[in-house]
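Heads up, the next two complexes both have chain A, just with different partners, chain B and then chain C.
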Partner chain A sequence: MTGFTFERALKVLVFAALVLTMWKGLARTPEFASHITPQRFFTGLVNDAENSLIMKERHLDFNDASAKAVRVRLEELTSMGRTPDPAMINEESLRRAVNRRLAVRERDADYVVMARERLDRMRALERQGWRMPLGATVPPPAEGALTTGVAP
Partner chain B sequence: MKTPRHDIPISDTQSVLWGLLRPLPLGILAVAAFLIFFNLGQRPLWQDEAETSRLAQTVLTDGVPRAFDGKNLISQEEAREYNPDDGHVWRWSPWIQIYMSAAGIACFGENAAGDRFFFALAGLLSVAATYLLILRFFRNPAWAALSAGLLTLTAPFLLFCRQGRYYSMGTLLTLAAIYAFFSDWRHKNGPLVGMALSMGLLFHANYLLFLSFVPSALACAILLYHERLDIKRLILLMVATMALVIPGLFMYRLGSQSGMFDIILVPENLMIYFADLIMFMIPLPVLAVLAWRWRRFFVFLERPTDPAERFVLFCALLTVMSLLLLALVPQRFHRYIVHLYPLCAILLAWAGMRLWRWSRPSGLAFVLLIALTNWLHLYPLERTKLINRPWQNDFRMLTSPNFPLKLYLTELFSGYPDVNANIIAFFKEHARPGDTILAEYSDLPLQFYTGLRVLGGLQGPPAPEEKPEWVLIRRSVRVNRDRLLFPARAFVHTLDLERDYERLELPWPDEDFGNRADPYYHAFIPVEPPQLPLTIYRKKAGG
Partner chain C sequence: MSLRRGIGLSAAGLACLAALVAGLLIWFGAWYFPAWKLEGFSKDQYREAAVFAARGLAHAEGLVFEDFDFLKYRQVQRGGEAYVWGSARCRAADGGTEFAWIYLEWSTKRGQWLRNYSLVLATADDEYFYTRTHPSQWGRARMAIDRLLHQLERNVREVLHPFSG
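Coming up: the complex of A and B.
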């Protein structure tokens, strides 16, 4: 008598896991989600974009504070005319630290703009009822269509 | 004589080549050729490709690559790549790709398709080599076809094959070295020479591939195929390989580049390479099952008895060891692991076939998931919060659950409003011969396509007295190895743009790179507005 063996149970489990992956994966594709569950799809995209914006704003705040702290230290040392250990911390190393902070700050400022663009884009897509094309072609964008205004 | 059970069966290469002339492999190669060659020059060269093609232009005039052609400087490392005292000869990245690019330009003209042709051909040959490798040594046409088929449908691999850079050549040479290793190199000189040549040329394709692949392959061979190693032949092989490699150590000044090692980066590199592996190459559940299956090997070094399975373990170990070695290198790019894609395809094909034999519905579902989607790669990572998806990525990129081939075909059929194409078109229309452009990035594509004098980029500081007619500002803020702003941006800060220049906004978005193949950066479909436009400054009359 061949009952419900361990191997058969394993086969069923493996197949079920693969089918579940198929179903969950399909449900996450823009083709399926934007057509079948658009509300959930856009809620996810907007939430994600909001989180990114918050994160990037925090990074910018942190870098502003760090740059300010390093600059204040530089001013203090300049006014004192010395550092406790010039071999480790000196005017040159602090100037380099300030410049590094400024470079990161410039990049983080752009990231905030980019994150805001992303959030606006996702909200616009939701507002316009955007759907992912099912075929393998998309119409070519017109000049200026990608840089201004809201999503089609 | 009966073939020993644990040995790989031997046949000869000529008869195996005939095996390629069957409908199934020919069909796979036709599909691969279409996917790799169709509209090859549709998008212009991006910065890194243009570096290679600009150097190729100097090869065509001088015979050797030079970083200065009398008008423009070719540099992305702030002038570290050359020494003006030895004629600006390029002494940074290896030269094979430069000569391949030069050959393409010489044969097909100074355009993207011509530049990329021989690299695309190497990509196609890699698909054929994957098929031949399995057919010759395992005489299993189904496994060979499935391996080559899966590789053909792997979108990241296809993207890298369409780049005018060493990626596909590195892949082909890796496969050639493995092929030669299994071709009875202990008794025949042909495979020995083939292996030395493959590994030597791999160094001259990219030395990081060589430095990660060769020690890994040797370690895997010792662990899994020690009976195939012969110490005398191994010494001969090492001597022959080093004869090809040693001149390169001096040509590319490897000693000066080794100073960039930074141990702090190693854990992060390891983490990200592992993320690359499970997001784009071998799904985490497959790795987990195989690790369990091969537990006796990891604990007791007990090798699988089935030759096919042992070879698959060889592929997996080689891949993982290569990643471990690459993590020691400060520069971390997906491009350094592209040559491992065929090994991953072989592994996945074997896993699919084993699963098919065990349970047909599961085997079919597995192969469909691997061939047509990235869901088995990404869904488990999303569930376990292990996914490494940059926050800027659009949901229509390879870092989100998608049909990768559909995205790839959409770009092929519909084109893409490439940022470099728009910049090049603008300057071709508006700049006059003799004008100088200061470009914060894309300086090398502009040099290649317009022939104008182009400063900036990642070249190093422009002379303080420079007054360029055009300034191309890019939104992306790039920092150098010292985490400081690149000198081009610092130079722009010294200009009085409002007083001396007229601001022009192009009707196209300012995207970071253009046709970069890296799955974290490659957009197949343009994203919708709002996006900041490309901004160019034109010097006012008398400015």
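Coming up: the complex of A and C.
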């Protein structure tokens, strides 16, 4: 047993870095975070779901605003003969654009519903005090249940 | 100074100039313009901020802002994020109607509203009006690039010739 050598100091530092990396990595796993820092864990989940819902609502609104802008172009084309670029914006292209916006609207409206369901799911998990089981086997979801109770 | 050395120096100079221009564009588009003149509006003054942004965009596009067709404010309950978006009805010089999409985000880091994706809706270069063959493959690429350059140019114009009145 010699004194405090450079190699030994280096080994201690490397070991400390390894422990820190493992600790930080573990803190990011749902198994660890839901047990050790549940409040922070659920705040993150709910915040993420809230932001997603707002984003999906915004995308739907953007599509609706675009559809309205296209419709007003069609109205002004028939009433005033106004078209910013006849090669691109004519009656045929405007009618097609309206139909395209309507088709996309179906999908975007669906995304809003799914985002709201996800937010409800996250809030339900928090209410239930859900913790991610360690080494779990997945049970089938109960009849009519909002969550399986295993994964978010 | 040998010819080879001269070529090398000019190449390095050009590369530095290109890097400087690219950096300047990124600084303007990602940091300076989103925040420009929106510092004075608090989180609750989202309507005033949106009207200010809409007036500026309309003016830079040669339009006159009339009113918001709709304006929505949303904020999360957990965390500090807030958003405001809407469709601004504008009047063109020929008497026609144009709609502009205005979208601002509250920056918790900078503590102010920032301009986000905002543009005039249903313009001629919009992909809504594409068909299978028109514009051509090359035309599509050119239109997409022109669209981005137009938005950049519009933002620069808005800063250089701000709306007054």
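In this text, the second predicted complex is superposed on the first by the 112 of 152 C-alpha atoms of A that agree within 3 Å, B and C clash if a C-alpha of one lies under 4 Å from a C-alpha of the other, contacts with A are read in each partner's own complex, and residues count from 1 in each chain.
One rule holds in what follows: a residue touches a chain if its C-beta (ideal position, glycine included) is under 8 Å from a C-beta of that chain, and two chains touch if they have at least 3 such contacts.
Treat the numbers as computed from the prediction; the structure is a model and nothing was measured.
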- Give the label of whichever partner, chain B or chain C, reaches more residues of chain A. B
- Could you look at A:Met80 and tell me whether it touches chain B, chain C, both or neither (first, second, both, neither)? second
- For A:Asn47, select first, second, both or neither according to whether it touches chain B, chain C, the two together, or no partner. second
- Counting only touches as set out at the top, which of chain B and chain C does A:Arg100 meet: first, second, both, neither? both
- Of the two partner chains, chain B (first) and chain C (second), which one does A:Leu125 touch, if any: first, second, both, or neither? first
- Please work out whether A:Ile89 is in contact with chain B alone, chain C alone, both, or neither, and reply first, second, both or neither. second
- First (chain B), second (chain C), both or neither: which does A:Val72 touch? second
- Where on chain A do the contacts from chain B and from chain C line up? 96, 100
- Item | Partner chain C, residues of chain A touching it in the complex | 43, 46-47, 50-51, 54, 57-58, 61-62, 65-66, 68-70, 72-73, 76, 80, 82, 84-85, 87-89, 93-94, 96-97, 100-101
- Note on the structure: Residue positions on chain A within touch of chain B in the complex are 11, 14-15, 17-19, 21-22, 24-26, 28-31, 45, 52, 55-56, 96, 99-100, 102-104, 106-107, 110, 113-115, 117-118, 120-121, 124-125, 130, 132-133, 136-141, 143-152
- Query: Tell me, which parts of chain B touch chain A in their complex?
  - Reply: 285, 355, 358-359, 361-362, 365-366, 368-369, 373, 375-376, 378-380, 382, 391-392, 395-396, 400-403, 406, 409-410, 413-415, 417, 475-477, 479, 482-485, 489, 505, 507-509, 525-533
- Task: Please name which positions on chain C make contact with chain A in the complex.
- Result: 69-70, 72, 74, 76-79, 81, 83, 85, 87, 94-99, 101, 103, 121-126, 128-129, 131, 134
